[in-house]
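Data block below; observations after.
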Amino acid sequence: MKPNIKNIAVLTSGGDAPGMNACIRAVVRTGIYNGINMFGVLQGYQGLINNNIIPMDARSVSNIIHLGGTILKTARCLEFKTDEGMEIAYQNLKARDIDGLIVIGGDGTFTGARNFSNKYNIRVMGIPGTIDNDLYGSDFTLGYDTAINTVIEAIDKIRDTADSHDRLFFIEVMGRDSGCIALRSAVASGAEAVLLPERHTSIDELVSQLASGASTKKSSSIVIVSEGHKAGGAYDIAKQVKEQFNHYDTKVTILGHLQRGGSPSSFDRILGSRLGFAAVNEMLQGTSKAMVGLRGNEIKTTGIDEALSRHSFKLENDLLEMTKVLSI
Amino acid sequence: MKPNIKNIAVLTSGGDAPGMNACIRAVVRTGIYNGINMFGVLQGYQGLINNNIIPMDARSVSNIIHLGGTILKTARCLEFKTDEGMEIAYQNLKARDIDGLIVIGGDGTFTGARNFSNKYNIRVMGIPGTIDNDLYGSDFTLGYDTAINTVIEAIDKIRDTADSHDRLFFIEVMGRDSGCIALRSAVASGAEAVLLPERHTSIDELVSQLASGASTKKSSSIVIVSEGHKAGGAYDIAKQVKEQFNHYDTKVTILGHLQRGGSPSSFDRILGSRLGFAAVNEMLQGTSKAMVGLRGNEIKTTGIDEALSRHSFKLENDLLEMTKVLSI
Amino acid sequence: MKPNIKNIAVLTSGGDAPGMNACIRAVVRTGIYNGINMFGVLQGYQGLINNNIIPMDARSVSNIIHLGGTILKTARCLEFKTDEGMEIAYQNLKARDIDGLIVIGGDGTFTGARNFSNKYNIRVMGIPGTIDNDLYGSDFTLGYDTAINTVIEAIDKIRDTADSHDRLFFIEVMGRDSGCIALRSAVASGAEAVLLPERHTSIDELVSQLASGASTKKSSSIVIVSEGHKAGGAYDIAKQVKEQFNHYDTKVTILGHLQRGGSPSSFDRILGSRLGFAAVNEMLQGTSKAMVGLRGNEIKTTGIDEALSRHSFKLENDLLEMTKVLSI
Amino acid sequence: MKPNIKNIAVLTSGGDAPGMNACIRAVVRTGIYNGINMFGVLQGYQGLINNNIIPMDARSVSNIIHLGGTILKTARCLEFKTDEGMEIAYQNLKARDIDGLIVIGGDGTFTGARNFSNKYNIRVMGIPGTIDNDLYGSDFTLGYDTAINTVIEAIDKIRDTADSHDRLFFIEVMGRDSGCIALRSAVASGAEAVLLPERHTSIDELVSQLASGASTKKSSSIVIVSEGHKAGGAYDIAKQVKEQFNHYDTKVTILGHLQRGGSPSSFDRILGSRLGFAAVNEMLQGTSKAMVGLRGNEIKTTGIDEALSRHSFKLENDLLEMTKVLSI
């Protein structure tokens, strides 16, 4: 039996990711299309506690599908991890008769939603929104495709100058625990080497790989370094390589937070739209404590408990192997 | 038993598509990595007949992964459809002891490869490269993702001005028989309406849809028109709408061939790399008269006969339905 | 003696142009910095008449410097050309004690401001904002640089495919009376020919120029057509050329309104900032009925009467001559 | 009297800059148009010494106008500073009967050309190509406009996320001795503060400025740091600020060499074309030991001796003052 839902709120939490706005638009309009009153919570769980909750109509999400960031803003919120925080949040939702909460974010966001839903009679649906692509239940998370496009556009520019001189470039990309961005960026930019948090690569190995490229007359080399690599960030690695390997001049770029921004790619806008659309429809059908995700080319639902309990080791080993062949 | 293959040639044929260069790079380097002598054929099947075949080494595909177009050029070739044309092509390959031919292109390209392989002892593998996404055997074809990104970047710019005035914009996109580009572009750009070759939409229906948007205070509207729509191109449709509906000023953009160009997106670079890598590896394992394609997140092989015989009606009806909800 | 000005309003009028938001930001913040109360008028002169005037503070122009379009919107307004319209507009300004009006736009916008200022005791300053670069008093108008960048990015994509096939591309760009966009786009894209409203070029001349390129082994050619060219738009010209010249396949792109949008270039953001800053400072110093413009690398003031009375024939003939040499 | 020049060579030297290819194309084609045999020197002055000099025809510079980097490559060359090096270079030119040398680069490049021309009977013309905009004799150097566009596109992406959280971003841009890139980037991106090599800014001043922004409810702040700033790079400054000012979370981006690459902007393509065209025409008229530059909107010639002897303190103080007003 379908539940009788009248009011739904949506929030974004954790690090922001391109495509969140496309997703918010889809959530709000799908709700309104189905006769639901829609609300937006500003600054994630903190906004729930601070009662920063605003009504949203179809026009309130006009002309946002192409914008980076999130119009609802995000924030980290320690208070929501406490019983007191959750209670205040619940009262604020109850005061508006809000029955359902849709959260867009990563692991931490889903954990908060699960705990909240375990304690209170609020339906929750999670949407995987993080550039890190480190969640179980969706082949790709919202923002990942855009982030890689951002990285390769930067590397393309560096390659212009790499080709003019004989140089070795170290590019540090995001990924504390996950090499997803680094690996796909390496494939898509034709990088000569990639250092991942999930793999140990010694400086000796790296130097030997670069030396082999030099011997086959590569005019320059690009090394992508995950910020979470054990041997250090791009600066440290460049310094260590330089000590052993003087063939090239070494240069460092730290991309930093620009990887979180930018207008979302078509892939992320479509993914955000589909996930938002599905999350509301699933909730209206009675689903709760679940996430929607992309599997193959279809949107599927996974229980949040299952999603959180299963380790998401997503590193695509076939791509890593391929990189070695394609960078000869 | 693995065949004894020593020499492989690669060509691009039909309309060019972003990602073809990434794919050529992968084909050439994967072959070389496996000890094969690699050749490039210039200008598609015409180059086979004209004996325009050059040896390629690992450096000949350096710094091309990010380039639009195809370094091997493409051409349409009627002569290859004749017995005489195929015989000359075969002799040119034989003279170099080339055992395998990898073709990157669409339907027509695959048909040529199939016929050639039926007649001569040349192994062939097909790689789906076309912005139209109209092939069976691959969820996405090489170039499709980039083409949609190109379209939505154009529409984003139009929306800047759409939002400043009260206007109705008609954007004509590619797709003579397939609405794939139009539909995904419509979702990703938040267009108010989309006209597809596969669907009849009368001018009355369109006007009524636009009138409903106007009544809900949309400040402007964007209509995407496939070039293959039955009621005419964007100019014709704009004129017909204008006669019935004077609420807005109407403006037309014809994107044309810029949709075929541009630096490939990360998605297409990775797809091209994977497909090229897989095509060579499959051929070295003994596969022939087959294509490689992306299904879900995996590369799979399909027989060219099967691929050509099955109608590829790929229009994503769920996305079309969703568009109506999300453009309220 | 400095005038005693307390309240200033700003509006954008005519076709919108990238950089208008950067300029609005500069106007508002420069006013506030100098202790002035600032107002924004929505939808140009129509907003003056409709009393659509809102107070603006420093935060109201946060995060807009990079946005295309104009947050104040523009509109064409016939009513402001009448005595009655101007009287209503004046009363609406007077009711708020607004002493000064800063208008961003083109020729028509400046004419309105001049007439208004002639009739009423309102100080006016004009800022040249139009992609057409057709105003006297400023070497470059706001939006022109971005528009050319937009055109050449489109042509770069077309060239990718032009280089793959042997083709002739016709690109229609904006410019009813002015060939400024067409000419600079032609230089910057390396186009083979350019058709301008200010120059008669017969189809015979064009065909002979293209034939000469073909004879020197150019693999493809790009022809830029101003929408205002006497022999017709890009479609007409392509058709006429095709009848005489069968060497290439011909393809047409109509860029249309996407030329008005897009994130402003650094040039336009800096120009908009400087012009807005100068317009307010000049007004506070007592200047009125004048425009600010860029001459060389300096901001200079010109009387609006002078600006309007002098014909602005800006076509850069040296660039036109150069184009012929550089496209050999 | 016009000199009798039959053969001219062109080279690029120093750090590469976007627009160099557009300039090479203009030099080569203008020479050929005037009946001169044109040569390209690979890898700057090193190529002169290594006899790495190739003939160039009109087609050899096809389809390069839009490419970053330089097809002639650049290199630093100590050997050319010696008498022996210059003598070898001279013999290599003489062997081909080359009468004129056109060099594209910065200060060091011009010094080399001057010394060479003082010693040998070779005509030289200099073209200012460097992203740093630090040469006397040209308002803007080739590549500067593109570099700033690259920086602001990066900052726009960072601002997306800056607006979602409450954060303080430090962006390190190029400029060891010159704050030109930093200053114009700050204006164009609406940065809250900018640290330049030419100005001492203490951490206390910076913190007080940021605190004032926080008090006026700015949701986030962006600080641009020239790599040459006395108080250290972006990492050092961020650390020092963090110690005093805990209002925001701090994040660092080091743009590095991506600022040298990318497809040149229309401004740089046009500038490169004009400078290359003028340099050849000037040389053919008899000018030598001079540079061509942009002044206002015209191309003017300056003696290399004068250009080198005059200190180019180009920091635009009016823009620096304006930044303070516009970032309130």
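Think of it as A, B, C and D in the order they're written, each chain with its own count starting at 1.
Definition applied: a residue touches a chain if its C-beta (ideal position, glycine included) is under 8 Å from a C-beta of that chain, and two chains touch if they have at least 3 such contacts.
Each chain and its UniProt protein: A, B, C, D = ATP-dependent 6-phosphofructokinase.
None of these values were measured; they are calculated from a predicted model.
> Going by the contact rule set out at the top, which chains touch both chain A and chain B?
none
> Between chain A and chain D, what distance separates the C-alpha centroids? Give it in angstrom.
Centre-to-centre distance between chain A and chain D: 36 Å.
> Between chain B and chain D, what is the separation of their C-alpha centroids in Å?
Chain B and chain D have C-alpha centres separated by 39 Å.
> CA centre of chain C versus CA centre of chain D: separation in Å?
Chain C and chain D have C-alpha centres separated by 28 Å.
> Going through chain B residue by residue, note those that touch at least 2 other chains and give them in order.
156, 159, 163
> Which of the chains touch, listed as pairs?
Result for touching pairs of chains: A-B, A-D, B-C, C-D.
> Which residues of chain A touch chain B in the complex?
Residues 25-26, 29-30, 32-33, 58-59, 62-63, 65-66, 139, 145, 148-149, 151-153, 156, 159, 163, 184-185, 187-190, 216-219, 263, 265-267, 269-270, 273-274, 277, 295-297, 319, 322, 325-328 of chain A touch chain B in their complex.
> Which bits of chain B are touching chain C when the two form their complex?
12, 15-16, 18, 67-70, 73-75, 150, 154-167, 169, 251-262
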